[in-house]
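Down below is the structure, laid out as structure tokens.
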Amino acid sequence: MKYITFGEIMLRLKSPGMERFGQSPALEMTFGGGEANVAVSAANYGMDAMFVTALPKNDIADVCIRELRSFGVDTSKIRRSGSRIGVYYLEGGANQRASKVIYDRDHSSVSEVQPGDFDWQDIFAGADWFHVTGITPAITQNCADVAIEAMKAARSLGVKVSMDLNYRAKLWQYGKKSSEVMPELVRLTDVLIANEEDCQKSLGIEAAADVESGELSQSAYEQLTARVLELYPNLERIAITLRESLSADMNDWSACIRDDQGFYRTRVYEIRDIVDRVGGGDSFCGGLIYGLLHLEDSHQALEFAVAASCLKHSIMGDYNRVSVSEVEKLMKGDATGRVQR
Amino acid sequence: MKYITFGEIMLRLKSPGMERFGQSPALEMTFGGGEANVAVSAANYGMDAMFVTALPKNDIADVCIRELRSFGVDTSKIRRSGSRIGVYYLEGGANQRASKVIYDRDHSSVSEVQPGDFDWQDIFAGADWFHVTGITPAITQNCADVAIEAMKAARSLGVKVSMDLNYRAKLWQYGKKSSEVMPELVRLTDVLIANEEDCQKSLGIEAAADVESGELSQSAYEQLTARVLELYPNLERIAITLRESLSADMNDWSACIRDDQGFYRTRVYEIRDIVDRVGGGDSFCGGLIYGLLHLEDSHQALEFAVAASCLKHSIMGDYNRVSVSEVEKLMKGDATGRVQR
Amino acid sequence: MKYITFGEIMLRLKSPGMERFGQSPALEMTFGGGEANVAVSAANYGMDAMFVTALPKNDIADVCIRELRSFGVDTSKIRRSGSRIGVYYLEGGANQRASKVIYDRDHSSVSEVQPGDFDWQDIFAGADWFHVTGITPAITQNCADVAIEAMKAARSLGVKVSMDLNYRAKLWQYGKKSSEVMPELVRLTDVLIANEEDCQKSLGIEAAADVESGELSQSAYEQLTARVLELYPNLERIAITLRESLSADMNDWSACIRDDQGFYRTRVYEIRDIVDRVGGGDSFCGGLIYGLLHLEDSHQALEFAVAASCLKHSIMGDYNRVSVSEVEKLMKGDATGRVQR
Amino acid sequence: MKYITFGEIMLRLKSPGMERFGQSPALEMTFGGGEANVAVSAANYGMDAMFVTALPKNDIADVCIRELRSFGVDTSKIRRSGSRIGVYYLEGGANQRASKVIYDRDHSSVSEVQPGDFDWQDIFAGADWFHVTGITPAITQNCADVAIEAMKAARSLGVKVSMDLNYRAKLWQYGKKSSEVMPELVRLTDVLIANEEDCQKSLGIEAAADVESGELSQSAYEQLTARVLELYPNLERIAITLRESLSADMNDWSACIRDDQGFYRTRVYEIRDIVDRVGGGDSFCGGLIYGLLHLEDSHQALEFAVAASCLKHSIMGDYNRVSVSEVEKLMKGDATGRVQR
Amino acid sequence: MKYITFGEIMLRLKSPGMERFGQSPALEMTFGGGEANVAVSAANYGMDAMFVTALPKNDIADVCIRELRSFGVDTSKIRRSGSRIGVYYLEGGANQRASKVIYDRDHSSVSEVQPGDFDWQDIFAGADWFHVTGITPAITQNCADVAIEAMKAARSLGVKVSMDLNYRAKLWQYGKKSSEVMPELVRLTDVLIANEEDCQKSLGIEAAADVESGELSQSAYEQLTARVLELYPNLERIAITLRESLSADMNDWSACIRDDQGFYRTRVYEIRDIVDRVGGGDSFCGGLIYGLLHLEDSHQALEFAVAASCLKHSIMGDYNRVSVSEVEKLMKGDATGRVQR
Amino acid sequence: MKYITFGEIMLRLKSPGMERFGQSPALEMTFGGGEANVAVSAANYGMDAMFVTALPKNDIADVCIRELRSFGVDTSKIRRSGSRIGVYYLEGGANQRASKVIYDRDHSSVSEVQPGDFDWQDIFAGADWFHVTGITPAITQNCADVAIEAMKAARSLGVKVSMDLNYRAKLWQYGKKSSEVMPELVRLTDVLIANEEDCQKSLGIEAAADVESGELSQSAYEQLTARVLELYPNLERIAITLRESLSADMNDWSACIRDDQGFYRTRVYEIRDIVDRVGGGDSFCGGLIYGLLHLEDSHQALEFAVAASCLKHSIMGDYNRVSVSEVEKLMKGDATGRVQR
């Protein structure tokens, strides 16, 4: 299965362990970004994954490409242009202290790409799936234009398109709001992935809270997903991730999906010692697409996605370093963490 | 707001992570001590904090001073005398295994200071607050004398005085018991900070346990605090920290206060993955004094103090590396630990 | 008290922290193995412990011996022969992701020992106790033969013999099944240690699950232990460890024992932030034998064993780095993890 | 002595030890930049040093400021504006493989400062010396304008001005050449510091190579310095650093100076195991200015400067962490490196 | 240019820095082996490099493959069979203390490959060059047979064959001596690479030492190379590396070559702070083959090879992480190690 | 051969690599001290070495003892008394910057031992050699008294006594000068080890410098050693180490000896990349005593000693981690540092 993603990849500089910035003169150097993370997941599941982006010609970008290549991600269509790779600084949280991200991604190589820079006919040759997120159109007008260009090319070539809305309040600095741009992209999408805030901020659709409890109940999600499919009839299905954040280390994690088979919600994973939750949503997307392409039905696909992303919370770094068999073991119910020997 | 503390600062040598001493040939080198920790908290909240102590003239003490200075603590009145900086070795605990402290602080520079060594008139010029703990008078008779000298000078200059009783059984080796010395210091105090054991050991005042439950109930603390204020009418208020230690990693944390507005208890924070609890009480003092000087009332001040010290448990090292806005975010109820980006 | 163990010790290569293999170019280098771990426990409790094995003549094996010697384990009877020390690679798990062990132990020096290679008369001179596990006879036919040779020598010299069944499915590759070999060894044993799976796989004795709950209740363990003692009347007692694995970080831990005083079950420890559970069972054996030799009765011994092994879960590495006084503190109920200073 | 510098400070991200980028997922995080490095040197020599720049309001810039403050550098006039701190990536060389710098400094906060942003009257109040380098005017036209604005203000207030030409080929991207801009700044300078390439690239003045040897002889430097003083009669003196690079680890290091007392060349230091040569020239400037303000004559000052910068080559990081007494010990001839105890 | 190598790749476990084994509980985990090292060099020079071997199906071997893939080496023909990856332990030397290698490579997956296991027709399709070393036939008879099988296949398909004699005294344990096996392989070779010891031990050809000096002079190498070409007329050329080992840190490094254009010797590089010399000879082979395929003549190729391997001595790990432009810069004479910025 | 040493062992806290104190929040934790270092050398050469000292009862001292035990040093006579282990802080130098030692050893357990505290009859039972250094009598009067007590006991039991004068200017703080105390100890010595400064400061005997060269020539050492033996006729022999310190990394190292066979000087080792020179003199003593007990004559013993201590300069930490065969390899002339495989 050939799988394409397009977007930004950044240098991720994390303070060691749970240190605040500057406690020691060290930063952990890895890489990541929504679409790249999904590509790595796909490659780890044995898919033929390609990641498309722009990166400068320098040694730091070379390290980034080497790491992607180590997972088997095809990097041959990465454009070497512009002058910098975006950076994000990450401080790991603990207990009631949240993790913290500082972006330094303006003027990155990918922010300066133009329609016409990539040969999408060539890139999508033989492809089965194209994935993009709401981060890319939030960077610059250029990026939004190229994302749309790519989505249109994909659809014209019969490539299935998925989109993770992934609303980021700190982006969208180029003069347009998410809700002005994203609906056009959703209309070019087959499978939409979102959380509740995404739907509200990017599509203007709010989930109705229960009158009595003040909480979002399952019925609220049933209505929300139904409403999205109604407004965007091009969508085959919509999947929603449900994260209940108890503290920086403790989350409950599950998901729901709606398609023509109706509404379905997965089991809930109680995650109690989070190693790294950055990339959790991306690992869900990677698992979902694998599941939709390889498993029996969308319920199985969703259970695979939520188990995969549950495991991501035990792994440091943006990338989800798990195999299909590890995800399936958890799907089948073995969450005991007994030593495997 | 100008804020002065006086006491001992030590070299803190911790085994890495949760290793027992000697598992690897490495120690983490930081610094800390009750009053220095409070000074750093105050500086981090934007106050004009000064820390007064004695340190030898060598490179290790220079590193200590450089670190204090990095937080903006005024180190200009630190006396360079004597021949050694005290050391404490720390081993981090986990689960049912407690953290362990080994002191090597005898003969330190500060233990040898004499009344007259510091020019308190100069030090307290323009000062708003002076903080001292029960550790200093426990070191040597000299130290007790200098602490009393400083407290008297502060009072005579209209500087508010706070005292954290901070009873340490392993100190008090110079021939006097805590309960023989501390009452005099408490009589020079405006704001007293303590826990239940401190009141008993240093002031001889015990909290009455509930007959039925065998536990210390809220009413016991109501009575205990009332009794202290009654016996020491010079005190404006007394604050008590309430720690329920479930294991080395899991504590419940709250506090109560009594002043002329009555008795008040804060919300309880459930801390489930403690990174480092050393300095937790000091961060409470730092937060309380900030709160009393800057916030609306003592209830707000206490909530600030307990939220600040809750966050301290997520930070490695004696110092509480948090800002006012981070504490306020938690005070306002956001304990979800969601990634900030 | 002189205490002998015989078996394999391996180089343990662990990925740092909770990293998956290869996330950074580093491995933590320690050593361990069932019987060696028990010997280190015994030495840490002040016993005169000797570990017998075979190791090649090279610098890596020298490091292994130096580490054993640092604990005070007598290494003078270790045979230097063969060409390699076995290796096991360990990846630490978290949450729902299990820890993972990869063995590379074939052709190790110990796997090639022959009956007659060790002078058991000399080794057991003055000894009080001999401990062996079900791992050794699982390595090669040679190893099984030498284990039996040693057990017989011990018994003939009046040395008490304990055996930890320790079933490992990935071993037993030399043409025999555990259940074909182990009964003979159990007949040479005085104190048997096992878990429920061990009894089934090595002795063919299954615990009866409750009809109603589907769970193993206490009565099932009462029956299981009774059945083993009935079938192996040479056994003085059998101890069973009870681990409930909630996730890679969270286990409930307790044990039960049956001897001529009847059946006894210990308190349950809730372990919530496991640092390393490898060696947990071995630390139980080490504690049990110490207890049986030094404490009042087998109930005390079992409580000591389960407290000791509870503490092991807070310590990185195969070896249980705790003292008698630390175990006794926990036995007496102080599980609060308050800082010791 | 009050000492001001103005310029850019960057986050320095170095691969560990002598690793190439990406060999391990780690970067060493420190800070540095020509003028900041000089300020730190001055502070380490006990001078009252202030560093003026612009930095964004984020945690990474806070760490930068904390580190400067730890040395005692006055950071109170640093402007918090713009959106990013510049970054430079550094890979340490060895033998015939050179160290490598990758700049990512475009769009930094300081690159966007405007004339009028700083209150120079306030900054220079009571100041004795102002130092700037040729890097600042090479960043943007804005930066050049602000540098000139500052230099003029300094001169009008009687503050001595020094300038390190510091030609960097990769800068000067905003449409002007160094030789078009720098002469104006040199005309506002009292003490000029340079190397041979700087004079050629920034001032268009070449040293004459010996006809016979093809090497730059002392007479060439005598002529070069005379020529610069002739063309810029405002200059009190010019100092030239002389580095003979034998390999990444082995350099010979000395300097010469010309003023109204004539021409003088220092002893040559043979440096054979360079730890870090980045910041070597800056440490020379710091030493020279200290020397000119505190020592007997310019020859002593130059010997101090070259000894100080010799020591810099033994210290990791941009900053020269040495004291006056350490420099004086080397000046007096003790280069034996015997253990000091 | 498509380039194939076949041989063993091992897990390399090095003690950190210059520590002796066991000084700290850490090992650096990388991978390497003669032929793999050459493949990585080729890939780094932009060639289409493939490495063929056998590796077990486990996570450690996966890490090995991921690292090769990160350099762009084609790993698609690696056979997953057998049960272990060979290990070598490395301790770095310093001064008069030599580096030390301990092999644990018996029973590795590659030692058990059989003729017929690889489809050489498929592997060599479109290939330009095949490289093998004298290590492979030294492992087992199987390995020798497969190496010969591969060389014959290569020659039959018109693929050029190079061989690095690479004599290792500790191998050759399967009953044959190097000199009994290697001549057959040399007769299947086009380009032979060796050092003086290799020629003696593997081919029985000794270099004549100068009568007068007792040293190997250039004339000795002229004669030695002439003799080899005379005895093996199938050889196009023979290259000899010349290492003068002054200490563990200081080597002089050069090479000579003989072909139908006569004898040529390169410049000598004085390497004075060796970071890691393991893989030095392999990096020479990688450079030579690149040079022979891409540069003007064999003298240029040899200068490229010796410059490339000179740079290898500045890089930790078996692999030579340098680019063509970096080698060319050194070839052109820039060995000054000046910072590149 | 049973070998006893008595003296102080300290916790050694070193800044990592070549960092100045405080550059990173880490210290390397090892142990060392003159006599302990000699004991470890002896144990590494297979001798039956015992180290006698006093250490407090705490976990840090336990780590110290465990490390000694790992080398096979007998620690059974170490007295557990007093309250602290001495500490020394070490900063590694480079080039012209010297290494730096800061002592914090006052009030250590060993400084408080009294005559009568050790049962020397028991300790020296079966012993062949006793070694002590001039550091011990420099600590306190008590220590001097105990050293003399031990030396007398050794002599009375026929145990050979060696003494390393080891003058330390920063010690001798208790009211006596070295030259007032040491002559008495030298009169109890059989084999004296010193350098030129030691003879002058402790014995008041100066080496005559050559009139012409101003340098210490061989003849000066011939005269110096003759003079010492003349004044202390009890001495069998005196050995002098000759260190020429070119920089912190580069030393020339040799030694000379005088006994009834006359004067002998060893070859000179050029050490060019010193890893750690602390403990260099101690490793010489350890080698010399081994040599005198095991080798042919005192010339061989001296060559062994100087080769052993040459190798020490390549090893981090106080202890010389080399074997007899490694020293012999260097003695026989192999200083090429070729990889051993």
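Note that the chains take the letters A, B, C, D, E and F in the order they are written out, and that residue 1 is the start of every chain.
The rule is simple: a residue touches a chain if its C-beta (ideal position, glycine included) is under 8 Å from a C-beta of that chain, and two chains touch if they have at least 3 such contacts.
These numbers come from a predicted model, not from an experiment.
Visitor: Tell me which chains count as touching both chain B and chain D.
Guide: The common neighbours are A, C, E, F.
Visitor: Could you tell me which of D-E, A-E or A-F has an interface matching B-D, in the sense that over half of the contact pairs are shared by residue number?
Guide: A-E
Visitor: Roughly how many whole angstrom separate the Cα centroids of chain D and chain F?
Guide: Using C-alpha averages as centres, the distance is 44 Å.
Visitor: Pull out every residue in chain D that's touching 2 or more other chains.
Guide: Residues 17, 20, 23, 25-26, 66-67, 100, 272-273.
Visitor: Could you tell me which shape the graph of touching chains takes: line, ring, star, complete or other?
Guide: complete
Visitor: What residues of chain F sit close enough to touch chain B in their complex?
Guide: Touch residues, chain F against chain B: 13, 20-22, 25-30, 58-60, 62-63, 66-67, 83-84, 87, 89, 91, 100, 102, 104, 106-107.
Visitor: Can you name the residues of chain F that touch chain E in the complex?
Guide: On the chain F side, the touching residues are 17, 269, 271-275, 310-311, 313-317, 321-322, 326, 330, 335-341.
Visitor: Under the definition above, what is the set of chain C residues touching chain D in their complex?
Guide: My answer: residues 23-26.
Visitor: Residue numbers of chain B touching chain D in their complex, please.
Guide: Chain B residues touching chain D: 66-67, 69-72.
Visitor: With touch defined as at the start, can you tell me which chain F residues reach chain D in the complex?
Guide: Going through chain F, the ones touching chain D are 17-20, 23, 93-101, 103, 168, 170, 245-250, 272-273, 277-278.
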